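The following pair of complexes shares a single chain, subunit A, combined with subunit B in the former and subunit C in the latter.
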Partner chain A sequence: MTMSKNVKHGLMLCALGLSLAIPGIAVAQDTGAHAAGLTGRAEAGKLDYRRWCVGCHGEEGNGEGNNAQWIDPKPRDFTTALFRWRSTPTGSLPTDQDLYDTITRGVVDTFMPSWRPLTPQERVDLVAYIKTFSTKWQTQKPGTPIAIPPEPPTTIESVLRGRETFDKLQCWKCHGPEGRGDGPSAVTLTDDKGLPIRPYNFHDGTRFRCGETNQDLYKIFMTGLDGTPMPSFVDNLKPEEAWDLVHFLRTLQPHVKSQSRDLWLEYVKTHKDIKPIGADSAGQ
Partner chain B sequence: MKTPYLPKWADRMIAGVPALLVLLAVMLPSPKPANAIPAFARKYGLPCSACHITWPELTNFGQVFRDNGYQLMNERDSPITRDASYFPASIRITPQWHRESANNQTIDVTPGTTEDGERKGTVTQAGFDLSGMDMWFAGTLFNNISFSVLPSSDSTATFHFENAYVRFDNIRGSRWFNLKVGKYELDLPVSEKREWTLSGNGGFYYIYHFIPANDTNIFGGIGDNQTGVELTGHSANSYTRYAISAVSSLDGGVNLAYGCTAVNTNCSTPAGRTLDYYGHFEQAFNIGNGNLGYMKVGAYGYYGFAPTYWQTTGGTTQLYGLGNKPFYRAGAEWLWYTTHWNLKGVYLHGWDSLCLANVTACNLGHVIPDTTGFQSTSWNGGFLEAEYVISPQWVLLGRYELIRMAQQGVVGAPGSLSNLDAYTFASRWNPFMFSRAGLAIQAEWSYIRSTDITNQGGAFGSTCFNPAAPCHIGSNSLFLATDFAF
Partner chain C sequence: MRIKFGLALVTLILAGSAMLVTGARPAGSGTITGKATFTGTPPKMRPIDMSKEPYCQKLHNPPIKTQDVEAGPGDTLKDVVVYISAGDEGAATPSTPVRFDQKGCEYLPHVLTMEANQPLQIYTDDPVAHNIHPMPKLNEEWNKSQPPGAPPIDVKWDKAEFIPVKCNIHPWMHGYFVVLKTSHYGVTGDDGTYAIKNVPAGKYTLTAWQEHMGTLTQQVTVSGGEAKADFQFHALPY
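Presenting the complex of A and B:
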């Protein structure tokens, strides 16, 4: 039995309608978001994304907004679900709270501003919408946030142990013996997109891109920065060693007032024969 | 190069705009200068919609950016962090078509001759026109030192400095101490320089400029930019804000000169040596964690002085102003911002002392003027404004404004003298949202009904035809424009 022309046209229209609707349905699937004690709605986040985010992150969340070509570092590509600033182990998804905190805090020394002026609801709605750009959020669960033990007191012994760790783990190869981001490997580093990336410059920086507290610093090298050459050292460091490293890293920041730096400066006055860090004898 | 976000339906709409303009023609006198600066979008890579509900009106994010001294506080604010080719400059101008009409105007019974006398009638003008132009330079000179210079012209390209200042931001590392020096817009409850209505009758807030009929106060209103110093502070999200200003009693004039009035027709006249003072405080709070937006409440006040006679030549040729008499403007605000609706209410109470309210010189040395039959003047007014944000690219607006005299300057004068009511409806659509430039297609209709006001309101500003006051003038503006900035 042959179909009438009208039926054929009707079926074609239905197919056209479905073919338009299905991608829209798939993209718009709301995985929800929960942060700051609130529930985020992707549909509401979509309007906010269009106002504030699309220029850099792009309509499809792939980091190719019309302004992206002029930005360095490049905007985050949400379709890969690869995020640097997390409280979860390397290789795992961040929590909704991690994304919310990044939106709130911004990323210093980049084109990502702090979006604290948005209401908490707007920010958690944005988290919900960002999660619609990758199907990973539907197939994987976020990792379990790492436990950060209480910080022990800052002592010169802790600083010296941390210095030894900095040397032994060869952090200086990227960050440089004085933490200026000028280690011998620094110029060779690239990110997950194959673009050049520089190690953090402790000497000039006052804030980290994911925060400014000692706990934030602890998290950085215990979770790693996925998508960058900065690995996680959770398998190499015990928690107390990690805190020692935090205390030492603070001595590399002359523009940040810290007990670590005060102790270190006092120590070097009476210990002139300190072995330099790394192969370069001009180290600290 | 990637093209800006421009859906296909926008393409079709833009193609139809020229035809629309032919059908609807509007003429407009120079609209006020307005503060939207694509240079910031270029510097930071953000679309205009990040800082503006619809440019130039600010979102809270834009307010924080402004409060920080046009800085994002991301260690990339100093000009040294930018390529040397970046230049903090923008221009804005508004080609348009508008129609202005006012009733109760004095016209000839027989046009072209006064032999048959005069009568009241309606005067209407329409046609294509240009606005004035803004050339705005603003940004940072260094970390935490910001600046703004805004040469602004009327539609005949006659320029003046709308603003020019340096601001020392985050003094001693605190966002609660920022010092601005120069000429600037006062920290008003709702910024007039950033509101986006542009028509002849709807392009400003009447309460910010109102002076009653026959009042000789030459203060142009708190909506005029002033010259002085301003101390401001704000919380991290600008939900708590304060501003205190001390400005010269010059209504923003330069060369130590005051404005022009029926008494002082020499506009380069030196003024008195007094200072005016302004203060504003506001507090915002989220409604339900922000799922219902946020609300702001605040209060403000301006206390100032204006001279009533001058030092030399019998007081008719001025050297500097004397006999300064006080006036004040004070009020409160209530604002509610949600995703789609923005509601604003501003109230103002104004008072001019007796010597300003009437053409009477006071304190003329040994001469004691006769003020019988005169008194100070006061009024109450305000506006209610509702915006509907269809999308970041399309906003609708409706506004109602009223002023009611509480006390006339002349005892026994009609109580309604100088009252006014004004209505404005507008639509503003941006065909693209971009970080390089801006274009808005705007349609607006506004109407004002005033009573015997000859110094504000109405497109023509002429005396109302009716020898026996009060006399009502109804004036409306129809306006269609392409407002662009780069």
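Presenting the complex of A and C:
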């Protein structure tokens, strides 16, 4: 079964010719991925994608796998390169680490499980493969992550300032005056695909979809969640105001033990004349 | 020999692209004018219920209507963008910003036209918070909040595209950023007419776009004076 040198050369040339002739069909290039101190390759990630991800995210990465019709929220469509959980500003690509973190963490309250059972190398290979579904990864660089300065101490003053910000920025229009996700605009919200989407109910869960730390919470409203109605507030908030808001938002979570909530509960015991959120706007 | 040829080619390409960038071409003296009309039954525009935002509701009495199809007397159409889609040589991008306003929970104008890379400034006058959420496919999608008193948002779009924009907080607020590759465009007014000025003599493809009825094209020849190009859309109810 030995091939003559000429035949071999001929075959190689043919292959080369084909690959040059149909550049448009070659879906995308492997731009690689760098996360968790590892380097990922799309070719290596393809196998795992086809085994574990294709059922929901689809062969073409458009979020239309066989299971997608039964799933809500819908699986992410990678062809738009639009991602919610980023460390980068609105309108920019996430970092490889952002995508790696989402795969690792999973998305609470959805069908997306945590993929910790895969090795870190397998996960970073998956990141590289996911990036082949949109050519944006070849033409653009991820945004520069938004800086998160160290968290100042939680005080009742900080909580109260955060409460004013929540009122002033009108977060309650969607999230509701008590953070129950029942503000006046809540029922009309849709995501980019036109599907109804609910604002986060702080009373409900304990975790956010992109993590559970105060830094994660800070990131959510500063970067915004692209593809959803949640905008970025980075141009409207100074870092210290953003931290105040984090401290206030923690008071809305009865199932999460926090210093903010303890301070707030103490405060309301002795202050009966607290101005309700949204009061200024009512009947304006 | 080959090197010489290559150099010549590179020079040619560079010169060509420099011409494009600097817009080295005479400003034309021709004008294209016309009217946009429709036949058929257009969808009915509904009064907008702003009861979820009492401040804005009070400003509009009677309530304003949806603006997907703005029909005028004589079946004319407002907010139709007419532009040269082929044959234009291109010109330098204007540095004058175009202005987009949010006033009383309404987008002014409903359809805003600009050139690729032209600065766009988004203002709010309202004492209620808005979020600006353009949803392009070719350009980058973003979503920014603009609370009362916030400074204008400065932005540019680098690719030509019809970009739907909306406010998620007030879902009736939606409009279009129309980003074009040409400086030769017009938008029809209340009477359905438009005018495209300073067009050099030549043969062009003219496209008219209406957000609900799509696009129409026709060829037009400009030879110094005024050229006419009317567009008749066909309207179907939803």
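Just so it is clear, the second predicted complex is superposed on the first by the 253 of 284 C-alpha atoms of A that agree within 3 Å, B and C clash if a C-alpha of one lies under 4 Å from a C-alpha of the other, contacts with A are read in each partner's own complex, and residues count from 1 in each chain.
We take it that a residue touches a chain if its C-beta (ideal position, glycine included) is under 8 Å from a C-beta of that chain, and two chains touch if they have at least 3 such contacts.
All values reported here derive from a predicted model rather than from experimental measurement.
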item: First (subunit B), second (subunit C), both or neither touched by A:E64; value: first
item: Partner chain in contact with A:V108 - subunit B first, subunit C second, else both or neither; value: first
item: Which superposed partner A:G211 touches (first subunit B, second subunit C, both, neither); value: neither
item: Partner chain in contact with A:P145 - subunit B first, subunit C second, else both or neither; value: neither
item: Subunit B versus subunit C as contact partner of A:R51, first or second or both or neither; value: first
item: Partner chain in contact with A:Q170 - subunit B first, subunit C second, else both or neither; value: second
item: Touching partner for A:P239 - first (subunit B), second (subunit C), both, neither; value: neither
item: Partner chain in contact with A:P276 - subunit B first, subunit C second, else both or neither; value: neither
item: Contact footprint of subunit A on subunit C as seen in their complex; value: 52-55, 127-129, 131-133, 135, 137, 140-148, 150, 153, 168-171
item: Interfacial residue positions of subunit A with respect to subunit B in the complex; value: 36-38, 44, 47-48, 50-52, 54-56, 59, 64-71, 106-122, 206-207
item: Contact footprint of subunit C on subunit A as seen in their complex; value: 80, 82, 89-92, 168-170, 173-174, 184-185, 188-190, 192, 224-233, 235-236, 281-284
item: Subunit B residues within the subunit A interface of the complex; value: 1-5, 44-47, 49-50, 59-61, 63-64, 72-76, 236-238, 286, 288-291, 293-294, 339, 391-392, 433-435
